[in-house]
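Below, chain A partners chain B and then partners chain C, in two separate complexes.
Coming up: the complex of A and B.
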């Protein structure tokens, strides 16, 4: 009995000790040194009302600690490797710490490449063969003060063009040589013309430090995070499953980072991210444009700067198989274009966040400078036009109101990736509208792997809903629409012209877009291609999958959406009010 | 007793085998596939060449039986594999995540034991009183409310409203993450960690605490009407002594069994709780691995959860046998 009492006493003491320990914790937090608070001042205080001075661009830090929400954790930080495909990895770390030759900037209504602070100016470009000469900024240094030189360009090229498990070697494999004329001059010679040369030595991979990585296993050095930097921030820590922390790179030669620290807190669940945002635990979130996120925004958020942009690198479309009935007929494809009220569909999906107009080009909105942005604008709901086109093509409506020809009904299988609620809603709306015009759509959704890996390449579809996503400012239309890229045995079935578009007048235009370095000529050819594609209705562009950035008004500094680098693209300018 | 334990251990092995095999097969019924996602297909159309490279590397295009056999071959050698996504050893991921879940579960169980049993017992002793009716209503509601709903309600009440109203930090709790993540004696939060712990622990404890309260109440009511209780009173013992010495121990038997089961259930509920609070434990990783089709992580973590569930139930059974000799006797008879 005495033993039991002793045990009970010990347990009581232990619990009391636990409560006291927890209580001590509360005291610590109560003093305002709560490092987890989303809004803490740079000097360690947590007084959110204390304004920080607008730090000059040559002053590092002083802007406090910013805690921001991240929907996804990168799988690794070896940006060249396939494991680094997460856009979030690029937004949070890559674009903040890696030097790159070109930035993405808005010029008027168009997004364009702009030489970054890594370059001393616009590179010199000559043709036949294509040679690009980069003049590097002599002030450009890594965080250990080692100059960034042509050796870093050579190293990057070799790793991407000749490495294994490379995420996307496009362009780098077309380089014949990279030579250092001197430490700050780098001559890149292409084996064949490559119009998208500005996307190289930047974008996905940045420029990598040869002096730190040469002769080492790059993947091992970088995959779990690395300390070197050639950008405004450097990585302080990566606590897996929890947070990524950046601190300013004090030796950055460009505009200095204002925040003392940036903590990206991993909150994969969208609803949880909104709760954390509303509770002030994170000061910015960048949710995907799914139905629940849009509903949350519509429900109202106070003291928030919303940056919602339809100017994205995304294009969601109704992709038609031009090689398979009934869409092997131009008239049927055109009739289908007149059967839908695309603006109404987009308004239903994204009207709540102010995006109400359908895309009218098969180029994502960020390529507006290169596109005919009104090419599809003539395709509006017009049932009389549907009747005219269908009857002209020999179709007649049956008793069930569905078009039929030669015993075949206009019954179309409609596929998308299973489990995506927004796409499923889109399908339902399209299905309803199409039925009113005499088309029967049968929804048959698929695993993403089956759809993208097998069915689309094999042409096993009639109508599919999915998005093309750009990570740079280069059109990829020849890959998608040139007849030589229809998957066949001749190209090892690797071609990505899954819509089986085969228009002789289109091929030379799209090939010119890929090969010419003359921006004006490229734009002209690409616009002409857009027009031809619209006339032939190769597919039906739908929406731009808008980007949504929500930033607390506690944050001072320009809050703007960059379709490539995200709302965090100019994070270095942010500070607390 | 030894034979009983051995028999139960064999059952544990069989359970794990079927659970993991079932899960492995279920994985392939999920929409989306690992190769596409690994090749960068999350939000874009991946390069088919890269998809094929990924399939070759991980054997993802092998026939299902081959993949299953290969998985079991590695597992019996203690190799849980590497994450498809990050390339990290599943074992190291487990070593990071398991302590987080265990800490959360410990606090949830403590809440369950302290709050659940106390409420149940008080309710039984004061049967038909206002307290009894109130506790019955609250526990019924707590059992009925889904965990994720409760999580968001608590977040709203204790984090969003305090932020809106500008309440002092002391009255605020955090909705996500683990804060400083500093602990004393493994499970006692220090620094600001407690702010992150309270809401997920209460959420996780809610359903099980309600069940414990209802079980404790029912069990205690049954015991209160038992002959030995009347005998104890007739002997002149005070009410408190009768309850503590005779009532409590007998009433606790079903509650102990329930708590054991709850530990396993709480790990299941932790998938929702940890996701809602971004807690970064086993449940969080299981949910993420499903979303990202990361089969090695999913199977590795599930192995541990199933193992823990089985072993805890084994321990509960042993405890139960210790509390109630009749259980041990039946085991002996079976021998």
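Coming up: the complex of A and C.
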């Protein structure tokens, strides 16, 4: 009898503990060439990706539940705060729920800003001072049917320009005033010309709802997820570390979302993500272009639409320290440019997924409309040219085949982020090619924090391999190449011209790019800047880090890659039916 | 006994204090949580972030600030997300607890059964097979076994059964809207628990086998057999219970180590537990989260070691704690 009672007690304790253990984890309360984009089928076929259609469907949902894979989750969802800034956060939630003034669309071969459904048309722009007048779509409403008005623009500006702990106030701090002419007309006056005005009231921040957030702690309201929406979807839940769930915003005035529900499951491990995708546990993944991902694709994927695009906001380059020997000599930099077969390098890295051409501008491919896309095209493998330039600069080859001058060998320290297999492979190929041309490269890789946090800003490098990534369609090259941005005590060592580029003829052109509103004049200045940079070989552009979207053919609807909003940019059109 | 427990707890405090300082110093001097702002379009963001979190202060000053707050029950906030460290730890702990509970439960049952069988059938074919499998289980890294389990029991079995997806899931612990103890939960739990269980079972089986063999060769068991007590009764009434004592202490100590998380298992199966929390926090230099993790896992190691000692004394009357 006593034994039975003890058994019953043990079983009750076991069940109670099991319930507690199982319940603890069920927390549902929390609310990244040829400038071409091609879609290839898993069976080896190839289709042109279908352009986005803006035709609005009348009905919400009906398209089933889409379970998709995500490599990362955002640290928080207060997009203005320093805790945000995650690309995955923008792709999964921000671009799906926040209204924005401009969309990113392809026009011919170029990516351009296009007025979104939030606007009634192209804003009016006047100069001296720069005034942008937005006419809002009178149908535009938040999910609670409150109209989206100029008050929301004013609130967003004040939060970004005057708020605390802001991720990036660029552009907003150049606004002198935002005034409501009427409910649907918003007049934005700039204190100084700002060329990138189309990136404002959208981009990483969107337009924020004044009627819900004014007078409240915005960060507290938004950081763990929020229910309001001015986009095709609403955030249903954010189960941190596990999943983000979206449902359609029934009151969205634009094209209605087709899926009944979208679940982004967090799968940080690339191998696990591919397994989950192949097994059908998730219906789409957007892996980084690492070697293992490319090998998985080349191994073959059945019933998959692969969207692989070299038309990205990424630019991976060989960044040269123009202030440090031997790259303080223009001739040496140029010779190094002729020492490498960049197309062969890109083909080795990404040829398996159809990306075979090197980038020939220091602007990422999505800025092709503003860039001289052939500026570096003359730099092809030419060992005779290397010999001519090096000997002309007083260098002579030693017995070991390495150039030397004044007792100093052309031995160059080559740095990148440790542990990145694709970059390590790139280094090995570059090292081999450079050696054949008489340059000795010594690989010395670093932790990302040390490289980007200390060594590059301090100029403690000769040659480095890393990528610049754009999250909008605005050139950022003055920040990277204007002499005023070389880290010095004068700018608090916060300048980002780590290559120590100092070309007097370049500065005014890049400054003009940042301050000229006229697109044609801006493009002309930027192309001229590209040309000067190439002539002086300030650094050597390499590859566009292609974007890879893999989508199961179970998903119906247009599947395309948008370099800003990702393969999930037109998620609202996807459906299982 | 009480004096012993209090003394053991007091002895543990300096160890916890020193380990938190060493880890804080290591994280702060190795990782820069503000590094993600270095390429920002606004060059002042980096400096603003460092000022906000006091990252320019000397490391001992930063540690003292953390220590003062933790004594007052303030676990601080994550420098990456701004979320309360306590809520992050609680959430991750709940998830890891599920894995540990099921993993330890199944491991204990299987290890005891195999261990006893191997001991009473020593040098039999079955004993050799289980011994071989044990060595294999100890030798194969969890990530290899996990990947094999995913491929075979997840992908291939799903195909074989003609399912529209894997037979057993391998992303997270549940699908959307699935309830506690649902079939969906079981399908998510099988592979990570199996991966966790294999290595533990392999090791515990060896302990149980050795312990059982030791007891079976003891004088009192020999006496019982000589007196004609049936073999089954000797094994289960006399030998089995006494053979559990060493295994129970090993189980307590091993389980405590699991509370720090299962980095590989949790990463492979995309489970947001303590191991992944620690791994992510280390990668981003999120020192306050790392400290919270260390405190919780450290306290569990201390507590379970103590429990193991106490249990040993309770189970074996010959042991006296002083």
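In this text, the second predicted complex is superposed on the first by the 520 of 577 C-alpha atoms of A that agree within 3 Å, B and C clash if a C-alpha of one lies under 4 Å from a C-alpha of the other, contacts with A are read in each partner's own complex, and residues count from 1 in each chain.
To be clear about the criterion, a contact is a pair of C-beta atoms (placed from the backbone, for glycine too) under 8 Å apart; a residue touches a chain by one contact, two chains touch by 3 or more.
Keep in mind that this is a model prediction, so the values were computed, not measured.
Looking at the shared chain after the overlay, A:417 reaches chain B, while chain C stays out of its contact range.
With both structures placed on the common chain, the touch criterion links A:298 to neither chain B nor chain C. Applying the stated contact rule after C-alpha superposition, one finds that A:181 touches neither chain B nor chain C. Of the two partner chains placed around the shared chain by superposition, chain C is the only one that A:65 touches, whereas chain B remains out of contact.
Once the two complexes are overlaid on the shared chain, A:488 sits clear of chain B and of chain C alike.
After overlaying the two complexes on the shared chain, residue contacts for A:240 are found with chain B and with chain C alike. Once the two complexes are overlaid on the shared chain, A:265 sits against chain B and chain C alike.
When the two structures are aligned on the shared chain, A:468 is found in touch with chain B and with chain C. Once the two complexes are overlaid on the shared chain, A:126 sits clear of chain B and of chain C alike.
Chain A residues 17-18, 21-22, 24-26, 75-76, 82-83, 85, 165, 167-168, 223, 240-243, 265-269, 271-272, 275-276, 278-282, 447-449, 452-453, 457, 468, 494, 496 lie at the interface with chain B in one structure and with chain C in the other. Every residue of chain C that touches chain A in the complex is listed here, in rising order: 30-32, 34-49, 52, 78, 80-83, 88, 91-95, 97-98, 101-102, 147, 150-151, 154-155, 158, 164-166, 169-176, 179-181, 185, 267-270, 272, 276-277, 285.
Considering their complex, residues 30-51, 53-54, 83, 85-88, 93, 96-97, 152, 155-156, 159-160, 162-164, 168-170, 172, 174-181, 184-185, 187-196, 275-278, 280, 284-285, 287-288, 291 of chain B touch chain A.
Only residues 17-18, 21-22, 24-26, 28-30, 32, 34-37, 46, 75-76, 82-83, 85-87, 165, 167-168, 223, 240-243, 265-269, 271-273, 275-276, 278-282, 302, 417-419, 445-450, 452-453, 457, 466-469, 471, 493-494, 496 of chain A touch chain B when the two sit together in their complex. Put simply, chain A touches chain C in their complex at residues 17-19, 21-27, 65, 67, 69, 75-76, 81-83, 85, 165-170, 219, 223-224, 240-243, 245, 261, 263, 265-269, 271-272, 275-276, 278-282, 447-449, 452-453, 457, 468, 476, 479, 491-492, 494-496.
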